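Have a look at these structures, which come just after this line.
In the two complexes below, chain A is the common chain; its partner is chain B in one and chain C in the other.
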Partner chain A sequence: MNKRKVIEKIMLGVISSLAIISAIPIFAIIINIYSEGARHLTLNFLIDLPPPPVSGKSGGIGPALVGSLILTSLAVAIGGSIGFFTGLYLSEFSHTRLAHYTQIFLQIMVEFPTIIIGLFAYMVLVAPLKRFNALAGAFALSIVIIPYIALNVREAYRSIPYTLKEAAFSLGVSAPIAYLRILLSTARRGVLTALLIGMAKAAGETAPLLLTILGTTFTYFGGLDQPINAIPLLIYNFALSPYERWHQVAWGAAAVLLTITLMIFIISRLVVREVKV
Partner chain B sequence: MNWAIEVNNLNVWYGDKHVIKNVSFKVPKNIIFAVMGPSGCGKSTLLRAMNRLLELNPYARVEGQVKINGIDVYSDNVDITWVRRQFGMVFQIPNPFPHLSIYENVALGPKLNGLVKDRSELDELVKQALQQAYLWDEVKNDLKKPASMLSGGQQQRLCIARALALKPKIILMDEPTANLDPVASSKIEELMLELKEEYTIIIVTHNPQQAARISDYVAFLYMGELIEIGETSMVFTRPRNALTEKYVVGRMG
Partner chain C sequence: MKSGRIFYTILFIFVFTSLLIVVGVVTSLTVTSYPIFSRDGLSFIFKSTWNPVKEDYGILPALLGTLITSAIAISISTPLAISLAVFSIEIVPSKFRAFINNISDLMASLPSVIYGLWGLYVLAPILHQYVMMPLHHYLGFIPLFSTKPIPTNLFTAGVLLAIMIIPFASSVIREVYNAVPYYLKEAAYSLGMTKWEAIKTMLGYIKSAIFAGIFLALGRAMGETMAVAMVVGNTFTFPKSLFDMGYTISSLIANQFPNAEAYNYMIPALYGGALILFIVGLTINLAGLYWIKKVMIKS
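Coming up: the complex of A and B.
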């Protein structure tokens, strides 16, 4: 073997090892979280109230799970609608100056520190009401996910072949009907993927919730104008507490959150794969 | 004479590029009118200017008149969706909606435009359109299957059925056989001869032989200008313009 081939082999080896190293954290995280948290994954853990700090039953994350479901649904409903129509506009009116600047703003928003968005929600919806509340949390999460959804919906609509757009409009229908009744089903997988990405993001964010929902421990849901809890926030609060029992709940909650995220990821991959067929 | 369509001083620009230059012509009813010319001469643009599909392109600008039954499709009080419904359009690449079934592809237009009262009326309309497009016998047992399972030629006839289901007055065809094999192409041509009994057909083609085979009247478009127009037999046997002659004898692609 000549020198050039030896060097080539070595370089390939180095690059492959680096690729493997970069994948280590994700496996390490998954193994770590499930080894500590998997034993908590029971139906009761999902439904029950958290345990008292020092004695009594083992408890669960019922209020935080309910809160996460409510906040995520609201965020996807609000941020999803706004993001969807923004994405549609960006795709179909890409020649306008408004679309050009909106796109730049959205790309900046993707990189925005989410704690700042939480602070903004505090100013707009918490301070005036003089109370931490679920709506402020949902509002903050909506803002976080709008750019993700808008930019992905834009891609979904852009990928529709021009000839299908012409076919839709040649039927003599109005633009809303063409885009929403005919072409949406052509782009449905891309749009669905956009919403799933937004959902995963909303379910996993902590920072926007710190300054908005406070985090209840023993109440499931008291109304949108009341404090509420969410799984990421519960993990943060319980992991910082001095109680070993709450540390255990935090591990379990982390396993639940990871499972939800992985499930959304797997579903969106399956959706994407279907597109290629 | 009662014309199917009258085009007066039509000009189209894409940005600064002048692509249709002061074109005027009239098309009698129930004939096949062919617009022929080399690639890039503005044929497809001309077709899309008639049913205002051109407005999907934000950079396109149109001046002039296109009249159907005496109504200018570009006048302010005319609704663009009404204009498009007066035309059925068939495209160069067969473009049925791939996620919809064969039935739904045909039913969609009438359904969204409220052309039918109930399901049975819709069924009847779909059947009629598919029969008119010579496709019914081939697909009557597969109506629920996706349109994408059909062959290219069948897909194009499905697109013709989709256009017919709107009950248009005029059918616009943009090189409808350019992507089909000879057998499928000749089927479409036979179908067009059949359809002109009921409709006026305007077909765009880059193939002078096709224009000679099927059209009654023909226009020759070159670099956005209407060079010659007349009865097909005349234009092909005694062209008045040297450019037309060059084109019809095949010395210009």
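Coming up: the complex of A and C.
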């Protein structure tokens, strides 16, 4: 009997310490990034052009921030609408064969290595234009977020009670009004969460951008058919560069990206909490 | 009724677009990589050369790099992910449960480039000094640890991947653990089992779901690009030990693609690598999804 108690104590201790160990990195990451990067967080850092690699001059991540905003909004607009309607279809017409296969395809898409999506976007939009361009980047990011949005929108519509759906249709309104006005207002928090998840993904995704926008440009926005930069790509390029000054900029940019991610994460949690009350 | 018809048409168009994209991705990989497979056949997979000047490509080292790093990641993250899931359900006071789950979800949603930056400048030096050097010093006679390590190598990439995939595996396990019928837990305690014995019983009950979660995490690890590209060393050599610098398929693409256009066969070779990565990853993911479905139906 005592032996079993002892074993229990030991094993529970082991499980607890392993669990704590697995949570240490996230705290370490947040602390390290803010301790290295927070001192760069000034207004000028958000606006200015990157500094030259070897000089003490100040500089910032302006073009990359602008690029990230443009790419993320485009991706949420394109990927959001495709994902939304796909998710709506999956929820409301789940009995159809098309829904069944779409579901499987989306599951596969979630697990696609994102760099493969970059290769696809390269073939569709970069190779024909013979130039890295912003549109290809937005296209790739849209594809990355479609499955996340679709699967979450599906859940949002699925969680609407059946009686409510019947009530909506018994009003005699047409399908678009029933789905997009009456039922959407019930599912709005779920849909909003889906869009926020997509936005966070699009803002932080790097691999497909490497093959579509290249990100070596130091200019602000020059048109959708021109190369553009983005914060995650700038972090990658600057962190791997041999210049100490650029490493500092990478840490500062990481602090900006981390702040954006944390903000979207917290907002989406607040949205979910309200819906549960 | 007319607006209804337009609505359904739009709905169909969007759904078909989603389907088309998946088909398009697979087609573009197959078509673009065709030249390298028609020229070299399967020897493209089993050669270990990467010589753009001679247009000679084989991706075996990168494929092995992918397998080695994901194997390291899985062996480290499995016990941690199971512990995290069990801890959040059975051990932690219910007040803190939401907090733990939020932390886990936050880990899953951090951009991989942030993991990469942290891995390169914080994790790699720590691992180098406190793990790899001692292992090499005392156990260097074992081939696995025989290379004199520098901070960025396959081992560092594997550890970083482990950290990144813990939340995925853990959330799958958490979900299935919660889905176990409550009477099973009651039965376990009514037999006079200790908490640990009850946990053991529960884990045994969802064994295959745990495998499924690990498989899904494995799929993630294989496809992960940026974080790995930053810490794996990016050197095209046949890996002889865990401490060799190397490549994974995805980091090879990320690293080589910017100068691929200058050569005739490098783009097909990189797409070929991506195709292989896609097929391996797809098999693993489908196996994982199939297992989960089976378990969910059972319980």
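Operating definition for what follows: the second predicted complex is superposed on the first by the 273 of 277 C-alpha atoms of A that agree within 3 Å, B and C clash if a C-alpha of one lies under 4 Å from a C-alpha of the other, contacts with A are read in each partner's own complex, and residues count from 1 in each chain.
Just so it is clear, a contact is a pair of C-beta atoms (placed from the backbone, for glycine too) under 8 Å apart; a residue touches a chain by one contact, two chains touch by 3 or more.
As the structure is a prediction and not an experimental result, all values here were calculated from the model.
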| item | value |
| --- | --- |
| Partner chain(s) touched by A:A207 [first = chain B, second = chain C, both, neither] | second |
| First, second, both or neither for A:S174, with chain B first and chain C second | both |
| First, second, both or neither for A:E8, with chain B first and chain C second | second |
| Which of chain B and chain C A:E166 touches, first, second, both or neither | first |
| Chain B versus chain C as contact partner of A:T186, first or second or both or neither | first |
| Chain B versus chain C as contact partner of A:L257, first or second or both or neither | second |
| First, second, both or neither for A:S241, with chain B first and chain C second | neither |
| Greater residue coverage of chain A in the superposed arrangement, chain B or chain C | C |
| Contacts of A:L119 with chain B and chain C, given as first, second, both or neither | second |
| Those residues of chain A which chain B touches in one complex and chain C touches in the other | 174, 177 |
| Complex contact set, residues of chain B against chain A | 51, 53, 56, 58-59, 81-85, 87-89, 91-93, 95-100, 108-109, 112-113, 159, 162-163, 166 |
| Of chain A, residues touching chain B in the complex | 93, 95-96, 161, 163-174, 177, 181-182, 185-186, 188 |
| Contact set on chain C toward chain A in their complex | 1, 3-4, 6-8, 10-12, 14-15, 17-19, 21-22, 24-25, 28-29, 32, 77, 79-81, 83-84, 86-88, 91, 100, 102-107, 109-118, 120-123, 163, 166, 170, 194-197, 199, 216, 219-220, 222-226, 229-230, 250, 253-254, 257-258, 270-271, 274, 277-278, 281-282, 285-286, 289 |
| Residue ranges of chain A touching chain C (in the complex, touch as defined) | 4-5, 7-8, 11-12, 14-16, 18-19, 21-23, 25-26, 28-29, 32-33, 36, 81-86, 88-89, 98-99, 101-102, 105-109, 111-117, 119-120, 123-124, 143, 146-147, 150, 174-177, 179, 197, 200-201, 203-207, 210-211, 214, 232-233, 235-236, 239-240, 247, 250-251, 254, 257-258, 261-262, 265, 269 |
